[in-house]
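Below are two complexes that have subunit A in common, paired first with subunit B and then with subunit C.
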Partner chain A sequence: MRTGIFICHCGHNIKHTVDVKRLCEYFSTFPGVVVSKDYPFVCSEPGQDMIQESIKKQGLDRVIIASCTPSLHSELFKDLLKKSDINPFLLRRVSIREHCSWVGDDIEINTEKARRLILAGLYSAAHYIPLEEKVVEVQKSALVIGGGVSGLSAALFLSRMGMQVYLIEKEDELGGHVRTLKNVWPAGRDGKIIIEEMIKDLKGQNNVEIFTSTTITDFEGFFGNYEATLNTPAGEKKLTAGGVIIAIGFSPFDARTKPELHYGEDERIITTLDFEKNGDRLKLPEKPRVAILHCVGSRDEQIGKPYCSRICCVNALRVADAIKTRYRDAYVESFYMDVRAHPRGGEEFFEDTQEKGVLFTRANVAEIIPAPGGITIRGEDTLFGEVFEREFDLVVLSIGMSPPEDSKLIASLLKITLDKDKFFLEAHIKLRPFDTAVKGIFIAGSCSGPKDVEESINHGRASAVKLFGFLNLGYAYVDPFISYVDPKRCSGCRMCEQACVAKAIKYDEIKRVVHVEEAACMGCGLCNATCPSSAIGLKGYMDSMIDDEISAFLEAI
Partner chain B sequence: MAEDEKNKNPEIVGFACSYCTFKASEMAGSLRMKYPEGVKLIQVPCSSRVDPAFVIKAIVEGADGVFVAGCHPGDCHFIKGNYYTRRKIAALKEMFNIFSMKEKLRLFWVSAAEARRFVEKVTDMYNDIKEKKNEG
Partner chain C sequence: MQEAIVNTNRVLTCIQCGKCTGSCPESGKTPFNVRMLMRKRQFRNTIEEFLPWYCTSCGACTIRCPRDVKPSEVIIEIRSGFVENGDIPAAIQKALENTFVQKNPWGRSRAKRGAWVEKLDFEIPHVSETASKRLLFTCCIQAYDPRCMVIPVNVATILNRYGIEFGILGEEEACCGNEIRRIGESGLFEELQEENKTVFKEYGIKEIIALSPHCMNAFKKEYGDMDIKVSHYTELLAPMIKNGTITFNGTYNKKVIYHDPCFLGKQNGIFDEPRDILKTVQGIDFLEFIRSRENSMCCEGGGGRMFFEVETQYKRNSEVRVEDAFQKGAEVIATACPFCVMNLEEKAVEKGLEVKELSEILMEVL
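Let's turn to the complex of A and B:
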């Protein structure tokens, strides 16, 4: 074995608290280590050249780079090895910056820690085997779950880009909640018209299949070849899709959850959604007294909804505006916690509403008491610190967004994660906001957290673009860190099969051993840890590697 | 126990999942947060990769403490790997308890964003073990 160790100074970042020279000298005495060099910046052009030259001259077959954390520059160094004609999986990165030089200040202690860390890398790399990135074919088709505004915009984009699209919708018609809205912020257009236009465009495409009144009953497979079983009115149907976009929207908060609001018991207590639907038909006196309650079903720890629903402040403002426009002398009082007029133009609209004479009271409403004469609101004014009681003719509850009813079902079928509020969780909040942790499954619209219509459309399109990028390539690389089974050692106890979350382990009835379906394996290594016969190994994280790392840390070799 | 052995700083081996705890430790480093040098991490794809045999091996070879850290329940990249970890480590703790070394093994959840929590958890464990060690 011919190993090369390259220790980076990272300018002063590492050199300042780790004695790099001493480490170099120490490792140069190791058997098998033919190169032991330090360099100010190994990631720089001259640094890369130096590594490449050493590989060529000394014929290295293991490269250990002790520098920053592995997630930085990993592609760069992998490519460097590829260029030098050695397998990129024979590279070992040792983090002596984020995990050593930046953690402590004492140069002696840090040098000792860095020595052990590099030692662990050296021992573990001895067990490395060359691996190949596997290529699998990808179906150029997409399954869009949910025919609301974000699902429609995602389906429309994908079909225009030439992908076969299957759009499934639980209800008997497409459009979701937007269909019921009469005036959609900010342009004030009828939601029905927006939806009808999108449906018309979508039906004009010849590569779209729409299934309404359809639910998904089973889901299997892996990126590029997902297999879904649908329950359609015409019976069961199976289809294969390369990727999936989940756009199942939200559920409006059910105000009955809070009994003190007496919603549903009196017709003078309505929600913003009721107002949107039947606002024109409300019977109110000449000078109506109207109360509007913000944050019903949002920012409420007691009912397990601590998040802000983002849309309801503007909805509340719009109700106030509508009433003030219709009845000039109306007394409209808005009880708020904070006004968060999120969308574009929201703050300006808030100011306009204030100028129109809507009263804003910062308050915690404790109870709504309906009586034949009027509805009493009892609460605490949180600015004055006083308890108040006022009578109104109408109470409008500005309800928030709750996670979709089916979120748990879809999450368990597609094996994706929900966040603490039961919305779908993105892979990374900033860097991968549309992806889920499962490759090729994306989330769009308000099923990943409260969003307004504009944001939902954009989210749908963005997810569609990301999925298109994956599908259009036509092939995918499978991470080579997957499990393999040694059939000679396998006793056929099938414990790994039970443990495997990805269902990648299949039992062979004839040979009485298991094997791993490579494309389905996610590479968690649970089977490796489960196997009582040590027949399973996770490539890249084999028992021998981790064992030697432990020994190196504790100097037990 | 020899006197110099007693005064030696504890060695702690930690198994950190790539998706959460290892990311948190990277972030802790980037933020220049300080924690004891005795804490050394082994990166594993998922906390469920940790075979209890690794933990035992580390203790046998002289580690003063071992921790396994992964994503918060429900946040596992591999869907439910950390639930398996929780069960495995619970069973292992029972065994450690029999040998009166329950404090040598810890399991905790640290998400990728919780660098501070990571530092608190490992420092806490280090200090506890050091205190026990000094008591002899």
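Let's turn to the complex of A and C:
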């Protein structure tokens, strides 16, 4: 074995608090270590050249790079190994920046920890074997779940790019919530028109199948070849698709959850959504007194909704604006905790509304007391520090977005994760905001957290672009970290079958042992940990390798 | 010191929205402002010593706080600082001393705690002599106050008539400490808790029927895991009335409005049992306050307010409540808490209304 160890200074980042020279000297004496070098920036071009040259000249078959966290630059160094004609899975990254130099200032302690981490990496790398990335065939088709504005925009993009699209919708018509909105921010267009245009475009495509009044009852398969069972009005239907976009939207917050607001008990207490639908038909006096309450169903720990719904401040402002436009002499008072007019132009709209004479009182209204003469609103004006009780003719509750009612069902069918608020969780909030943890399944729109119409459309398109990139070639590479079964050790107890989330373990009734469906395996390691006979291993993470790594770190070898 | 029952660290997350102040039955008409207290607590500013004593521990702020700051618990913490330094109203001081000596805040003789049973025409066994180990917990005010003493008498009579076995502790019963904890004297609360728990354990008590919602709250939520079933007496009677075990012979031809006690209703979610009982009584025209259930208005009897008077002159909630009832056309205000009975009655009489504890209505129709 010919191992090369490259220790990065990361400028001053590592060098200042880890004695890199001492480490180099220490590891150069190890048997099998033919190169032990330190360098200011190994990720720089000269740094890469140095590594490439060492690999070629010294004929290295293991490369250990001790530098920043493996989540940074791993692809870069893998490519470097490929270019140098050795298997990229013979690379070992050791984090001596995040795990050592950035942790403390004591150079002795840091250097000792770095030494042990590199040592562990060295022992572990000795077990490495060359692995090949798998190539899987993928269907050039997509299943879009949810026919709201986000799902429609995703379906439209994919179909225009020539991909077969199956769009399923639970309700009997497409369009979701946007269809019911009369005045969509920011241009004030009728939601129904926006939706009808999108549907018209979509129906003009010859590669789209739309299923309304349809739910999903079963879901199987793996990236590139997912199989869904649908419950359609015409009976059960099975279809396969390369990837999935979940765009099941949101549920409006049910204001009845908050008893102090008396929603649903008095017709003078309505929500912003009610106002949007029936605002024109409201019977109000000539000089109506209207109260608007912000943050109903948002930023509230008592009902398990600590998040800001992002859309409701602008909705509240729009209601205030609409009333002031219709009744110039109306007394409109908006009760807020903070005004968060998120979208572009929102803050200016807030200013306009104030100019029109809408009053803003910083108060989280404590209770609404619906008396026959007028609805009394009680709360504390927190800026005056005074408790007030004022009478109104109409109260509009600016309700927030709750997770879609089907989120748990879809999450369990597709084996994806929900966040603590029961919205769908993205794989990485910054780097992979459209992906789920399962390859080829994407989320779009407000089912991954509150979004306005514009954001939902963009989110839908973005997910579609990502999915298109995954499927367009007709094949895809997947990580080679998959499980394998030693049939001689397998006792056929089938515990792994139950543990497997990807349904990749198959039982052979005749041989009475299991085997792994390689294309389906996600490499999570659950079967490996479950197997009582140690008959299952995970490529790239073998038991012996991990044992040695731990032993080396604890200096037990 | 035992770990705090409720975590109050969340005061730092307070966003000063004012939900607490608006919900508070005292804020607005007295110098008391919950939000300001939270603000001062965040910065550890000095708090005027008379301020925290307005709180009635009704819990409205804690139930509604969008940040789950639990303002009423923070107030207990503020009070405990004053208790430790002895900067507390004399009447509160007296109540604490009384509780320490006689195990009841009014300082009545502990030996007479079981004296109410003399009004009964049957004998109640000591709980240790019962097979069911079911304890009827009297509560201090109901053991001594002549107005409230009828409540244990009534409930005991009903239970006895329908063959439910139960026992009492007599003078071995100590104050539950619910109000004592809210006054901020956690040391004394722990002592009372210890004493009661020891007795419960000694006699192998399996079930407690609490007559006061305040006692029930303490046993249910603040005594830790005792492995004892705790219920309010209405929780016991409601199903028996529903399934026909208890039937009424008489009628009660009055307009009755029900006032939710804070510790029974908003703090423990028992809204329907008392209503179900009342609605079953023939002749009752059942009315509801606009502010009912979770939104019920506090009578101002909790959190130590039964033991002393605040200095500010203001329109008492009992008066507001009675006026509301009057406007609704009620003749009788029914409730299920001795403190509520005591507070509402004075104003109700002025308006010509009656205040009845639920068991009093039941006794008239059985």
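As a convention for this text, the second predicted complex is superposed on the first by the 556 of 557 C-alpha atoms of A that agree within 3 Å, B and C clash if a C-alpha of one lies under 4 Å from a C-alpha of the other, contacts with A are read in each partner's own complex, and residues count from 1 in each chain.
Basically, a residue touches a chain if its C-beta (ideal position, glycine included) is under 8 Å from a C-beta of that chain, and two chains touch if they have at least 3 such contacts.
Since the structure is predicted, the reported quantities are computational estimates derived from the model, not experimental observations.
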For this session: Tell me which partner A:525 touches in the superposition: subunit B (first), subunit C (second), both or neither.
Result: first
For this session: Compare subunit B and subunit C by how many residues of subunit A each one touches, and report the one with more.
Result: B
For this session: Considering only the touch criterion stated at the top, classify A:510 as touching first (subunit B), second (subunit C), both, or neither.
Result: neither
Exercise. So, A:556: does it touch subunit B (first), subunit C (second), both, or neither?
Worked result: first
Exercise. Which of the two partners, first being subunit B and second being subunit C, lies in contact with A:371: first, second, both, or neither?
Worked result: second
For this session: Mind working out whether A:481 is in touch with subunit B, subunit C, both or neither, as first, second, both or neither?
Result: first
Exercise. So, does A:187 touch the first partner subunit B, the second partner subunit C, both, or neither?
Worked result: neither
Exercise. Which partner does A:259 reach: the first (subunit B), the second (subunit C), both, or neither?
Worked result: second
Seminar exercise, completed: Where subunit B and subunit C land on the same part of subunit A: residues none
Exercise. Quick one: in the complex, what on subunit A touches subunit B?
Worked result: 69-71, 95, 97-100, 102-106, 109-110, 112-113, 116-117, 120, 415-418, 420, 425, 437, 481, 499, 501-502, 522-526, 528-530, 538, 540-541, 543, 546-547, 549-551, 553-554, 556
Exercise. Can you list the residues on subunit A that touch subunit C in the complex?
Worked result: 259-260, 295, 299-302, 337-338, 362-367, 369-371, 378-382, 385-387
For this session: Flag every residue of subunit B that touches subunit A in the complex, lowest number first.
Result: 11, 13, 23, 25-26, 28-30, 32-35, 37, 40-46, 48-52, 54, 57-58, 61-63, 74-81, 84, 88
Exercise. For subunit C, which residues are in contact with subunit A within the complex?
Worked result: 15-24, 27-29, 33, 35-36, 63-68, 290-291, 293-295
